[in-house]
Every structure is written in C-alpha cells, then in structure tokens.
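What follows is chain A paired twice: with chain B in the first complex and chain C in the second.
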Partner chain A sequence: MNRAALTAAWTASAACASLVAATPAAAHGLVGKQDLPIPRWMFAWSATIVLVISFVGLAALWTKPILVAAHAKRVIGLPALLDPLLGAIGVAWFALLIYAGFAGSQVETANLVPTSVYVMFWVGIPMLSLVFGDVFRPLNPWRAIGRFTGWIVQKAMGDVPDPIAYPTGLGHWPAAIGIFLFACLELVYSDGTDPSHLAALIVAYSVVQFLGMAIFGVRPWCAHGDAFGVYFGLFATLSFLRLSPRAIARRVPLSGTAQVVPIAGTIGLLCVMIGSTSFDGFTSTEVWRTMADWLRERYLDIGLSLRPAVELTFLTGLVLCTAAISALYLLGARGIRTVDRTRTTMELARKFAPSLIPIALAYVLAHYFGMFAYQSQAMAFLVSDPLGRGSDLFGTASATIDYGWISATAIWYVQITVLVLGHAAGLALAHDRALELYGSGRKATQSQYWMLGVMITFTCLALWLLSNVD
Partner chain B sequence: MSRTQRTALVAAALVVLVAGFFVLRPSDNDPTPTADTTAQTVDAAAPPASTQATDTVEQATTRTTTLKPEAQPKAPLLTTAKVTEIEVEKGDTVRFRAVSSAGDEVHVHGYDISKDAPAGKTISMSFKADLEGIFEIEFEHSGTEIGRLKVTP
Partner chain C sequence: MPILAHTGHWAVSLIYFSPVVVVTGGIAVTAWRDRRRERREEDDSERAA
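On to the complex of A and B.
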C-alpha cells in the first residue's frame, strides 16, 4: 500500500462511524492473525500455580544468598576476529534495512523492514539472548561503527582526547526514553509499520547513538544509552551462558541477573518495558475499547482531528499503563520499609530491580510468541525479495506462512509456562536479595510480603490480559 | 524448616497443582460454551442505528455434521460500516457475504483466501475453518477491516 492509498484508507475509515477499525494497532497489522484468549479454566489453573509457587517459595527456598557471589566458568575461548566479523554482519544488515526501507515497496508485509524490526529484532533477539547470552552486543551495528570509527581516528590522529565521563545521574535514562519512544512507534503512531518511516527513524536513532558515543565514548554509551543494547543486555543476563568478545562462560542460572547493578533510570527502563507490553495486551481487551472510545470522544471534543485524537488516546493509555506498573512496583519496595527503616523506598526499589527482569521477559514472550511463531516465517520470502519488487535471490520468494504448524492450545501452554517461570525467577531473585540484605531470619521473609503481592499481581495481570483478548 | 518438611511442602504443592489441572480442565466431550456457532456482532464503536440493521446478526455457520444447504439461514453480511465477528469451531464451515460500494477484493488473512467484490454486488464466501486463531477479514485494496474470524479449537 503506498502513502496515497494509506491516506485514502484513513479518510475512508474516518468517514465510517466505526472508528475501531481505524485504531492504529500498528505492529499487528503486520500479522493478520491474533492469538485466541486463554480459556477461563486455564487462567484459573495458572493463577493457582502462581499463588502456590509464591507461598511455597517463601517458605522453602534456600537460606543463604547463592546468586550474588556465584562465579562464571569459562567454557571456550573465541577468536579475536569473531567480534569484528559479527559487527560487520550487523552493519551489513543495518545498511540493507535502511536501503530497503527507502527504496523498496511500501507495502508493510512485502518489505523486509517491518518484519525485521518488530518481529526478528524486537522479539527474536530477546529469545536468542535468553538462550545464548548477549548476542546483540557483537552484532550491534552502532557499536561496530563506533568502534571502527574510533580505531580509524586513533590511527589517523594518534592521540585522541578522552571522552567526557558518563554522568552518574543520567544512568539508564537515555535507554528508558529510547524504549518508550519505540513503544510509541509500535503502539501509538499510526504509520509505525510504514517501511520508509521506519528507515528514517533508524537513521535518526543512529545519529543520536553516534553523538552519544562521540561525547561519552563507545563503551560507556553502549552500556547506558543505547536503548536496544541495554534492553537486550538485561534479558541476556538471564541466560546461563555469558558471552564476552573473547570467551563463552557458563554461570549459575539467574546469577547473571542477580549481579546486575541497578543505576539511575534502571527502574524506569524496566517499568517502561513491562508497561508497554501490558498496554499492548490491554489494547485488545473490551475494557480498553470502552476506555478508548470515551477518551477519543474527549479529544475530539477539544477540537483535535481524528488521527491525532486516536494517537493521543493510545499515548494516554501507554503512559497510564507505565505509570500504573511503576506505582505498583514502588508499592512493593515501600512494603520492605516495614522491616527496613534505614533505606528509602527508592533505594530499596533499586536493590530489588533485577527481580523485574525475568518478569519483563516473560511478558514479552507471552505476548509475542504467537506473532513470532508465524511472522518469523515471512523472513523466508522477505530475504529473497527484500524490496518487495519481485526478485528471488535465494529461490524462496514464493514461500508462505504456515499458520497451522502450532495449535492454539500449544500457544496457550507456552504463554502460561513462560509467565509462571518468569514469576518463579523474579521470586528467586527477590528472595536472594532479601537474604543478602537481611540474613536468613524472619526479617528476610517479612521483607518479602509486599513484594510477593506485587509480583503475583504482575503475573496475574499478564494472565488476565491473555485471557481477555477480544 | 527442615529438609524433610521442605520436600513435603513442595510435594504437597505439586499434588495440588496436578489435581487442579485435572479438576479444572474440561473433558474433551464437554460441549464448551463456544460451541454455540452463532455470529456475534461485536462493535465497540456503536455505529448509528441506521447502519446496524438487526438482520445482520444472523447464524454464521452450521456444524458440518448437520449441514443442510436448504435449511441454512443467510450468512452475515460484511460491510465497511463495522467489524463483524464470526466465531466458529475448528472444522466448521465459515460462511459470510460481503458487499463493497466502490468495488474491492475480500481477503481472509491467514487462510489467504481472496475473492473479487465488484462494486455494489453481494458476494458470498464459504470455506472450512482448519486454522485456529483470530483472523482479519478485510477489503484488500482500501485496507479496511470488515470482519474478524475467530476459530476456536
């Protein structure tokens, strides 16, 4: 569909009384298939599992912190050339995406870009990271270009002035803002799957990355400011493998996450991650439709035209969801103060923040597994015809998506399994942190009452969202 | 808490969960509530009454086992006025009609079934629901969603 047709479609939809059809559920337009709601009995059963695990966990988990001090064991060394080689592959893919976005067909399902960004990158890399560790770091095109440029400049000029020290107060905030803006692109912006818009935004994001690297240095910026690098990196801590440029090591499960040191903005980033995924689930429920209708009417009343009114409605929803998730988490942290008066709520929230990482990943997997299971197959024809212009580079251009390979029931079991595992992992991390702070006595157990309630709420909310798809 | 107590607690929890699964899970022979194969018109935006003729809420499908073509009620009519929801069980036959004022092509996503809808002409479509999930039905050229096909296991 070209821009003119899109505009025409918008006008046509606007003319209709039915505005629901015109809501910008952008990334889902890509797929054309939605998961069925989890049946009520399954919802009840999995919520029971969550409750039982929580209370058994509280009573029966280990009594000395084991995750914080666990060491990784080196498994195998990697050749020095691998890191730059993977970087080159990342840069090549990155360049291809920008080119395809501008030069290719603007039909979202025929162009390589939307599926690469929303399916392979946004959902695929977290899945890979969970299994293999931080696979994005060597592939990260911004890091590769930054390192290469640094290397050239050093060769050419010899002595390079030191970059400015990364400000402590800035912490993960640039990453939190980046992920929030990406969520806006996916869930709020009406043309979020438009290939040329995506390509332009990739360029804009790159400019910000290169500026950040130029000012603060490649390594500090990638560790704090590159939204995607930080986002994937947090998920990668859950893997039992630790990838570094020269070696692969294995570690005690969850120890990588327990050793994450939360800094300024980490909580914000995690709450944006959970908030945006829950909002995405929320938009397909009846409750949201009713709210959205009401909100949109108010925005139309104050004189906005349809498209901004719809976008502002979704933005409001996204902000409210993120705020609600943040408030809930801070409430859990506040609860710890019943036993620990020496620390402020924010300090405690920061101490326990790693517990949110598995929950955030569980949200992502539960919500997007179905989409990934089908839409990732589109890569078969997209790589053969990346521009959607009828080429057939690898002979797979006529491949289609098999919507029958996995049953709805299997998807339900995957969804509840990842949510329950994510919940258990979050619980274990919080438990370990409580033991570290308060020893093995009553105080550690008591400190977890509120946090446990908050985590049960998070997981049951995710289950509720999945069972209320309408 | 001793090691034995802890093991007992975990074992008890497991028993509760496994038992819960079998108690809660509906047996395969149970008629589930979704076996009611009528089309519902779900329309959150509430279009003006004039466009929502009551006769558009009709029986969408008949179980294949009881299929009698002459006894079939009219299939729901899909238009750009709203998104009509069609709910069937896997294996049933999906039937609906569609009309486009400007002329377009009806496309059922996932099933990837398309049919031309010349301007003003009512076309009917029918196919077997063999894929589970919720699928968009749209006018391909204008990109307007006209229906949602919900196929439950």
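On to the complex of A and C.
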C-alpha cells in the first residue's frame, strides 16, 4: 500500500469514527435527536469527508475492474419443492390481505393490510433482500399464480401458443410506472391507508400483472414489468447471497449489482425510487410547507375543491422531486463526458445506472428505518387479529409496540451509517464501471469527479431531509 | 411568492449543503487543472514529434 493510500485509509477510518464515536444517549424510551453531541448539519461534513476519502482510496487502490467478471459460488442446493411451496405461502398471504382489506375493520391501525403493505412489504422486504438475496421472487404471489395457471393451461390444452416477445423499448418502464403509482398511493392519495381501498388496489394491480403475464409470458413480465418484483430484485443484487430456485450461491459484494444490465426505463425506475423517498422526507420541511400552501391556493383558484387541490399539490411535489433527482443524476453523467466524448449523456447515464441501486436502498432504509423499528412490532398483534375484530389466533393479540427498545439517537446513527455506506457503494460501483470502460486508472478517476459531486449532493440532501423528521 | 417571504425559516438549512458547494468548487478546479495539464502534455508530445 503506498503512502497516499495509507493516509487515505487512516483519514477515512477517523472520519468514520467521528460519525459513530459519540455515545448515544442512554437507551431509555424515545430520546430526541437533540441529544446528539454535535449539530446535525456537521454530520453532512463528516459524511462528505468519508466519501471524498473513499473516492481517493478507490483511485489509489482499485486499479482493475473486478466486479463485472466475478463469479458466484454455489453454497447449498435447494429442493425443487421449495419454490412452489414458498409461492403457495405468498399466495395465501396475498389472499388473506385482500380478504382482511374488504372484510376487516376499516381502522388502519387495527387492520392487517396497511402495516403489511407499507411496513413489512415496502420496507421489510428490501431489508431481507439485502441480507438473503431475492426472497420476494419465490414468494411473489403473482408469479406463483401465473406459473400455476400456465402449468394448468399446458396440461389441459397441450401445446399453447408462444407469448409475444417482450418489446425491448418497453424495458423497465412498466415497473417505473408501477412504483410511481405506489408512491402516489402512499404520498398523494388521501385514502392511501384505507384497508378496503388498499385491497381494491391490490386486486387492480393483480389484474395488470396477469394481463402482462398472459401477453408476454410469466418470466419476461416478472423480470421487466412487475414493479415490485423488479424493485426488490434490484435491491437483492446488493446481497452477497444469490438466491435461485435450486441453489444458494455466494458472490463478491456488489458484483451482483455491477452485473445488472440497465435497459430502457432502468434510470427512470431508479430515479422514481430515490425521488419518491426524497419527497416523503421533503414533505416534513418548511420549504415544502410554504410551497404546498402556495400551490394549493393556485389549484383552488382554478376551481378545484379542497381534496383534489391537496392531492394535486402533493402530486406536483412528487413529480418535481423525481425530476430533480433525475436531473442531478444526468448532470453527473454529463460530467463523465469530459473524458468520454464518444458516448452521449444518456448512454453514459445508462452505463452507470447500477451505482444508483445502493443509493436507492440507502434512501429507503434511512428514511423508513425508524418507522420499521417500531411499526413492524404491530405485526405481533395484527397476525393474531388480522381483521381487527377481536380474535386472538396465536395468543398475541394483546401485544404492544415497545417504543423504548431503540432510541431516536440510535436510529439517527443507523440512518447516517446506512447513507454513507450506500453512497460509498455507489462510488465503488461507478469506479469499477469506469475502469471497465476506460481501462486507465487516471481516466477512470477523472470520469468520476462529477459523479462524486452527485453522490455528496445525494448524501447531504438525505441528511437534510432526515433532520426535518422528528 | 410566499416561499420567498419565508426565506428566513428555511435558509438556515442551506448549511447542510455547504459541503456540496466546497466539493463542487474543488472538483471544478481539479478538472480544470487536469485539462490544462493534458493540453500541455499533448503540446509537448507534438513538439517532440
């Protein structure tokens, strides 16, 4: 290791230590973020230092592309029955959610559906995917039903016509639209936590999935068009485990993500993922409150009633946030053109798109970890009383949420650690891709100057958004 | 616009973005220096040829 690299490594360690060394307040009940030993804005500086040092370290120590060609090694085989069994479990849970949504209590905290959708599904599965790989794929109820139906049809009719080839130009766009609509449900629609509305929307989403599978085939549709399958699948590439129907394999960290081949719509999907999470945080800021007041008044002025005016205000905010994130990323890709005039900005943006995957996951984990830490405990009583009608199936209906198991200070440290790691992973992926494209370490490093700026902007933005959530 | 009238309420949060300003400035200077050095190297090699 040369001297510069050694210095970089030591400074990075010191900066990392400055992020976590401060002793969190005693873990008793909820503790305000104000207990932090330094002002919250200073964490933006610490995170920036870690990222800059990481960038220098990558330039000095990582001189050849290693991720793209890395192979996974099989660890253990899995029985053939496991995949359909997990599929059946997924279908059973899916059916229970629809039933609970329509037949259960319409009080959102008493019904199984809102917590299952917004906490366990939206946040819990990305966490599981990071650790175990693509756990959603075998549990995916739409895939399981699609495969089972296909099997039945084939048995009954013998030869069935081949599905239409999935159009290249469609790429991940259906998934991007699906995730955007889910974000609208969560952040724009006024009745987004209403159990019966959620159940109806699950049914509507299912109809679209079955149509897609019928037209294009189960496998191509699940790989491109199933919004949640693609969303969780991208996060799963970050895991060091690769889960396939017949085996579990281990792989070099980040190699799964580096091997993602971006197609049409991948950038759009990733920008929607980051933009929607950013907007969720942004709605807690004073800037948004004043903007929203102004926008709502304009919508009321054109004759809308209050509810559509409020929903349109939030939709405008969501679209603007997604557009801002997309513009920021394209700016970073534009910066790469300073060393590569042979490719267009969009081509470069697509080549480097996998570097956004760990950032998208870091945003999700950082923004929703606090909610997950507390609200996931509600599942203990919700599974015993899924309809909210007073049943006690497993004897846990009287369980409560322990708000004291983790302090707000500890949550803050988890959030910044996740953010820094996510952005450092993004830098590493972009650096590896640059080495693959440009060969020379110097040119690869130069190509990433502006991407470093983008990563630091994403980090500071996330810290600012988190600082507004109390 | 009200957002401008309430500048004082949110302008303080711009401090979170101070690292972005500093790093972007540093990147701009480094990129400019790199380009100048490369141009000088190209000129030298042309002269040597």
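Throughout what follows, the second predicted complex is superposed on the first by the 411 of 470 C-alpha atoms of A that agree within 3 Å, B and C clash if a C-alpha of one lies under 4 Å from a C-alpha of the other, contacts with A are read in each partner's own complex, and residues count from 1 in each chain.
In this text, a residue touches a chain if its C-beta (ideal position, glycine included) is under 8 Å from a C-beta of that chain, and two chains touch if they have at least 3 such contacts.
Just so it is clear, the model here is predicted, and its values are computed rather than measured.
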Message = Just checking: does A:W450 make contact with chain B only, chain C only, both, or neither of them? Give me first, second, both or neither.
response = second
Query = Is the number of chain A residues in contact higher for chain B or for chain C?
reply = B
Message = If we overlay the two complexes on their shared chain A, which of chain B and chain C does A:Q154 touch? Say first, second, both or neither.
response = neither
Ask   = So, A:L463: does it touch chain B (first), chain C (second), both, or neither?
value = second
Message = So in the superposed three-chain picture, is A:S305 touching just chain B, just chain C, both, or none of them (first/second/both/neither)?
response = neither
Inquiry  = Looking at A:T344, would you say it contacts chain B, chain C, both, or neither? Reply first, second, both or neither.
reply    = neither
Message = Between chain B and chain C, whom does A:S440 touch in the aligned arrangement: first, second, both, or neither?
response = neither
Request  = Look at A:S391 in the shared chain and tell me whether it touches chain B only, chain C only, both, or neither; answer first, second, both or neither.
outcome  = neither
Task = Mind working out whether A:T400 is in touch with chain B, chain C, both or neither, as first, second, both or neither?
result = first
Query = In the superposed arrangement, does A:A408 touch chain B (first), chain C (second), both or neither?
reply = first
Request  = Enumerate the residues of chain A that count as touching chain B in its complex and touching chain C in the other.
outcome  = 41, 44-45, 48, 52, 286, 290, 293
Message = Give the list of chain A residues in touch with chain B in this complex.
response = 1, 5-6, 8-9, 12-13, 16-21, 31-36, 39, 41-42, 44-45, 48-49, 52-53, 56, 59-60, 286, 289-290, 293, 370, 400, 403-404, 407-409, 469-470
Interface residues, chain B side, partner chain A - complex = 1, 6, 9-10, 13, 16-17, 20-21, 24-26, 32, 42-48, 51, 80-83, 109-112, 130-136, 141-146, 150-153
Remark   = Seen from chain A, its contact residues with chain C in the complex are 41, 44-45, 47-48, 52, 285-287, 290-291, 293-294, 338, 446, 449-450, 452-453, 456-457, 460-461, 463-464, 467-468
Remark   = Interface with chain A, chain C side, in the complex: residues 1-3, 5-6, 9-10, 13, 15-20, 22-24, 27, 30-31, 34-35
